[in-house]
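To keep things simple, chains are lettered A, B, C, D, E and F as they appear, and every chain counts its residues starting from 1.
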Amino acid sequence: MNRDIDELIDRALEEDLGSGDATTDALIENNMWGKANFLVKAEGVLAGIEVARRVFQKIDAEVQMTVLIVDGSSIMPGNIAASVEGSLASILKGERTALNFLQRLSGIASMTAQYVFAVKGLPVKILDTRKTTPGLRMLEKYAVKTGGGQNHRLNLADGILIKDNHLEALYARGLNLKDVVFRARQNTPAHLRVEVETKTMEEVSQAIGAGAEIIMLDNMTLDMMNQAVRLINHRAQVEASGNITLTNVRQVAETGVDFISIGALTHSVKALDISLEFERN
Amino acid sequence: MNRDIDELIDRALEEDLGSGDATTDALIENNMWGKANFLVKAEGVLAGIEVARRVFQKIDAEVQMTVLIVDGSSIMPGNIAASVEGSLASILKGERTALNFLQRLSGIASMTAQYVFAVKGLPVKILDTRKTTPGLRMLEKYAVKTGGGQNHRLNLADGILIKDNHLEALYARGLNLKDVVFRARQNTPAHLRVEVETKTMEEVSQAIGAGAEIIMLDNMTLDMMNQAVRLINHRAQVEASGNITLTNVRQVAETGVDFISIGALTHSVKALDISLEFERN
Amino acid sequence: MNRDIDELIDRALEEDLGSGDATTDALIENNMWGKANFLVKAEGVLAGIEVARRVFQKIDAEVQMTVLIVDGSSIMPGNIAASVEGSLASILKGERTALNFLQRLSGIASMTAQYVFAVKGLPVKILDTRKTTPGLRMLEKYAVKTGGGQNHRLNLADGILIKDNHLEALYARGLNLKDVVFRARQNTPAHLRVEVETKTMEEVSQAIGAGAEIIMLDNMTLDMMNQAVRLINHRAQVEASGNITLTNVRQVAETGVDFISIGALTHSVKALDISLEFERN
Amino acid sequence: MNRDIDELIDRALEEDLGSGDATTDALIENNMWGKANFLVKAEGVLAGIEVARRVFQKIDAEVQMTVLIVDGSSIMPGNIAASVEGSLASILKGERTALNFLQRLSGIASMTAQYVFAVKGLPVKILDTRKTTPGLRMLEKYAVKTGGGQNHRLNLADGILIKDNHLEALYARGLNLKDVVFRARQNTPAHLRVEVETKTMEEVSQAIGAGAEIIMLDNMTLDMMNQAVRLINHRAQVEASGNITLTNVRQVAETGVDFISIGALTHSVKALDISLEFERN
Amino acid sequence: MNRDIDELIDRALEEDLGSGDATTDALIENNMWGKANFLVKAEGVLAGIEVARRVFQKIDAEVQMTVLIVDGSSIMPGNIAASVEGSLASILKGERTALNFLQRLSGIASMTAQYVFAVKGLPVKILDTRKTTPGLRMLEKYAVKTGGGQNHRLNLADGILIKDNHLEALYARGLNLKDVVFRARQNTPAHLRVEVETKTMEEVSQAIGAGAEIIMLDNMTLDMMNQAVRLINHRAQVEASGNITLTNVRQVAETGVDFISIGALTHSVKALDISLEFERN
Amino acid sequence: MNRDIDELIDRALEEDLGSGDATTDALIENNMWGKANFLVKAEGVLAGIEVARRVFQKIDAEVQMTVLIVDGSSIMPGNIAASVEGSLASILKGERTALNFLQRLSGIASMTAQYVFAVKGLPVKILDTRKTTPGLRMLEKYAVKTGGGQNHRLNLADGILIKDNHLEALYARGLNLKDVVFRARQNTPAHLRVEVETKTMEEVSQAIGAGAEIIMLDNMTLDMMNQAVRLINHRAQVEASGNITLTNVRQVAETGVDFISIGALTHSVKALDISLEFERN
């Protein structure tokens, strides 16, 4: 497992355990044994089950977790995603942290899957954005992929995306969009493509003329998007962005864009309801 | 600023910047100067403005951020929460990370404020839970407080809360709830109070008999809660928990409980819409 | 083993080994094998044997340590607490660090046991304080428990203890002790009890009136303590603190206090004499 | 200040503050101001006052600490070593950690000074050992120097000291002491001198013959030490070690040894009584 | 300064200072003051002067360093690149570490400048590779840029480069180069261009057909490179790689390639001779 | 493996992998298996093979590496130093980092071996210096030893070396070399020998008179070195330093010095050509 994720799990355990689990330490003897199941209580797509396993491993290497449903599977209330068996105290100490990861990541995967389902049959990809929870980007992007989405730039280093703020600043210095794209091409590593954010047909037109390889249509109406896609006419790839919801995502897709990016996939997540239920023994 | 939060900001910047901002490095010269405003685009309560400031400080100590609205204030679309001024490149590099913190924390504070408003006038406190995003607990609990809520246990070390899973395990070994509370009292530091989670009137009754200092009513109906509050009759404090929404929170409060704890405050957050808009210069 | 303790062992090894053991590297070949015994040379209670084991594990995973006496056992000169077998160089490199932990922790456990023995038969608990060696609190508190004592607050977060300095500051602002206790109760998490430090009968009396749950008698004479215990009359728990030694601890206990806290358990430790003796082979 | 010490202070604060000072947070408002004095309550030598200052700096950069007595000074009950002024809450949060450092280091310096005084007028140096508290070696060695002692090896890398366990292992393989010293000389960096631990006159004699540059007399009687010093006759430096107390240290010094090393300086420390007293304002 | 570089400087100082500078501590008093100059002793290009400054800052914030020649400047024997003034002990402690950085980075910049000079007037860029010293990549890539070169991929994440080992593995599974490029395009983030390593004209031809955006000519003769450049005919960018030296670099450039990458720039560095000379005072 | 080296490997992998290997992730499936050989392409001495192994272990614990040639062996073009077998993706991800270590360390060992060979038969030792790559000192010193050299001081703490800058500073305060050596002897730990750097016969003469234990002849001509060695006449050890190359090292050795230290061993390294070649399967 990736070291950054490993460290995140460490921090999550530290913040949840503090100097120890006072209740469990007071009540549960070390030789008590237990078994518990991750019980799904809502419909969606599972993501994060291996992170949950890692949580228990870190608390107690002898806790055994058996995964019954793997990440990316559709889940229904009543499903048992995994079971854990071992020291009762260890299971109790890891419960909340494991669930906090699992519920959040499954929430992201489930919402992504809804968007992917909404555009089914159309040649478009659902993308995430950089609007992720600080410290969790890799996990959240993983959850988007698990739900059937694709990942946009991981960070500012691995893609050129000229945004409105870049353009404004350079317009103010007398450059036009074409100059800006040209400057970007001159100054960036040969391995990166150039994407430009546009708000008007005029900008779309200039972006194509300047040889932009991807054109983002930012907050455009459906009409504008249709027009832009026809104007671009496969000379660049097209990404729709801004104010896209489950209600309108299919219409956006039908304009013929190649990508639809959705910030809410990661910035407004609803945890998927999953709980840990102990078996009577 | 707390060291853990400081490290979280470092990690957030690292995951967003990677090996650098390729676009800004390609386009924006070091001597370009800019000014931008945090523009509020939705109604709510502001939280996290000092975290946003710290983000810019870490990128470039010479970026000046002027806070116009402090945490805890009610905000409306059109408000300007703060402005930043300095190297254009530095502002562009910090923009997304600052917003990711600010939008999320303001989202939490805003939702909390809605719950607090819903129970206005009643002697009850809205509490958060341990269902926080891994790695962000301190900030999220801070946002809850900023929104007018109170904090439940920060972690497993600073409070005794005997949950159903503890009880089940000990019932299976022949103890009853009274025995369990007594064992907790014997084995825990003198400075901690004992809270017990109950699901039935029978458990509530035993908990009082055992001298529990706080009694949690877990997933009870309004009727049961009413009955429980009368049964307890101020011999312990009472906390309602489970399936509480903006729709029913006032009714729950009217049962006379002392605390209402709500997982959704932190596990299902909707980012508050705030953006960073550059001024033309 | 707890991660903080693990890191402490790492630091201890780093500070003892620096860039390597010049003597052992010069003299002892890698294929030399040895066996050595932890020889007890003073009477007391053993604590820290698993820490010693961890020291050797970190230097060389193939060194085998066999524990013959477990933590908490009474030990006598001539006892062998454990033996280590493996690469001679590895054992020599870990010797001092393992002993530094073992001697110190056993010193604490042994002194604690003397206090516990001194109050045998009386319903009182011997507590430690926060006067621990910087960086070693968890281990030192563990040693106190191993010697039969109980742990006071682990840190400032897990208990409310209103000390003279808090009181003075608030008296100066016109509050009385009752106001202070009330303010504490209002502003602190529901899970924490409130303890107040008192120096006079007047303060004891006010503390009870204010509903303090634990009352500390600070630096009182035996007479005052007797009087205070009668005054409190089980309406709160009572902790004696200040200038308590092996000579007077039983008299203090006989006043009827519930707890006696002793800073010297951790701030003035005498290492217990234990050495590592190699077997001739 | 050295980075290792800085990190130690961080850890000490973390272990004392945990997730915050619940009492101070509940009672003391942020705008309350205070002044407090470090009051000496026992006779000795001060050490660690700058560490105490650093503790407060880390909690709150605006707390002002004025040092009135510098490290190494003789102190008497009633002396004020330093005063701190600033946010009352900040001072209360740092109090215990600052005192834990200051009391311990002053305890070491004071005991060292007693030994140094006991051998006054004789050409001998009092040395510490590697029997230090894990994680505090640099500070403890600093305290020994502050008390007038000298530092032995900081760690295993910066000196060659052939101990009994090295000798035993090599005797068992057919080497004699002379061979061992020769092997050490061959295999160690040119910059290090060679010291050998001896228990008998025979070993002393061999050590000189082998060209050892320092000879340690381990646990010898005064008679043996006298004899050894005469035998060595300035051909090497001489260190006495083992069972040396304040009672016999002068007699040991009078044998003519160059160094006397004393483990108790750091392994059996008695904290010097210093407290922090707030001024009424 | 970048945090990774900052940590590298910390480690460099730690490994050079160990537990302190024994010589300087023994000889130089804290109040001795000094001034020293970085004296250039060989011809080349300066790089790393700000790293040197940071070294001294970390040792002693009061040491003043005045930079006289900035990075990227041509330097000659006798030039003074910078002067440092302050505590003599601090300057002595930082000397070696500062020089180790400065000499190495200037060595890289100087060699890069020789290659850049050799191809002067031709439309080609000199690139570095990933053959950097472990832990120093960012600094070494900075030095290449300072010497007039350009940076190839910083790491494996920020560019697609299909190398012979990738091709071999996939040929063995029945794919041809065209299939491989197509698979790469399908599976990689939209923001990255695809580069392919080729060894034969056949591979070059397939790479163009497959739409590769950059084609690397690996270890080809000048004749082959000429032929490849004509074959590609501006349909992709071209990078020459392998066995390129100062002797043949111009001939390689004359084939018309767009980039020439040279591992030796970072894997076989000759430190540039610079020393720190104290002024008599 | 030493923790510092372990951390260095972590950093090296982080800087090479960034957020992942985009090419391998796009092309190579997780179930593809491969075997590759470390092929030697130049003559020299191997060093670092266990570091290479650790690199792969860290990426994927299931990659098996079989070492065929151990560190310190002479190697020839065509030799296979080791083979790795396992997940193809894992091998590709570790390839560059493993080679960067192996080529650099073998480069150092090979150059050292050339110097050692050049002085074969003479009673002199080839030493490294502190002119190492920042962050790699331990590995580079290991490579020097592997090549048959000896290590000078690891850092400033483990040896007294009075350099020209120390002397200048103290001359300016009226001391002569004899005073300086005496002061060094007074103030430094008993375990360290004193070395002095000299540039003239006068200084050599004073150094002997002052009892210096090692005398460095800095940048002297062969004639001066001859004269100095005769003057010293075994009363101290002698180290030659400065401007020593493969061409003149034997002549320097023939003057009778005990040590020759060579900065170029680590400051001007030429990577030894080793590649990783996959087997067809």
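Keep this in mind: a contact is a pair of C-beta atoms (placed from the backbone, for glycine too) under 8 Å apart; a residue touches a chain by one contact, two chains touch by 3 or more.
Quick caveat, the model's predicted, so the values are computed rather than measured.
The chains that touch both subunit B and subunit F are A, C, D, E.
Counting C-beta pairs in contact across A-C and across D-F shows that the higher total falls to D-F.
Counting every residue number used by either copy at the subunit B-subunit C contact, over half are found in both chains. If you average the Cα atoms of subunit C and of subunit F, the two centres end up 47 Å apart. Each chain gets one centre point, the mean of its Cα atoms, and the points for subunit A and subunit E are 35 Å apart.
For this pair, subunit E with subunit F, the centres built from the Cα atoms lie 22 Å apart.
Among the residues of subunit D, those in touch with two or more other chains are 18-19, 22, 138, 154-155, 157-161, 189, 192.
Under the stated contact rule, the graph of chain-to-chain touches is complete, every pair of chains being in contact.
Here subunit E touches subunit F in the complex through residues 4, 8-9, 11-12, 15-28, 32, 34, 36, 88, 92-93, 95-97, 99-101, 103-104, 107, 130-138, 154-163, 165-166, 168-170, 172-173, 180, 183-184, 186-189, 192, 263, 267-271, 276, 278, 280-281, going by the rule given at the top. Touching subunit D in their complex are the following residues of subunit A: 18-19. Those residues of subunit F that touch subunit A in the complex are listed here as 10, 14, 18-19, 22.
Those residues of subunit B whose C-beta lies close enough to touch subunit C in the complex are 151-154, 157-161, 189-193, 195, 214, 237, 239, 258-259. Looking at the complex, you find that subunit C touches subunit A at residues 3, 138, 154-155, 157-158.
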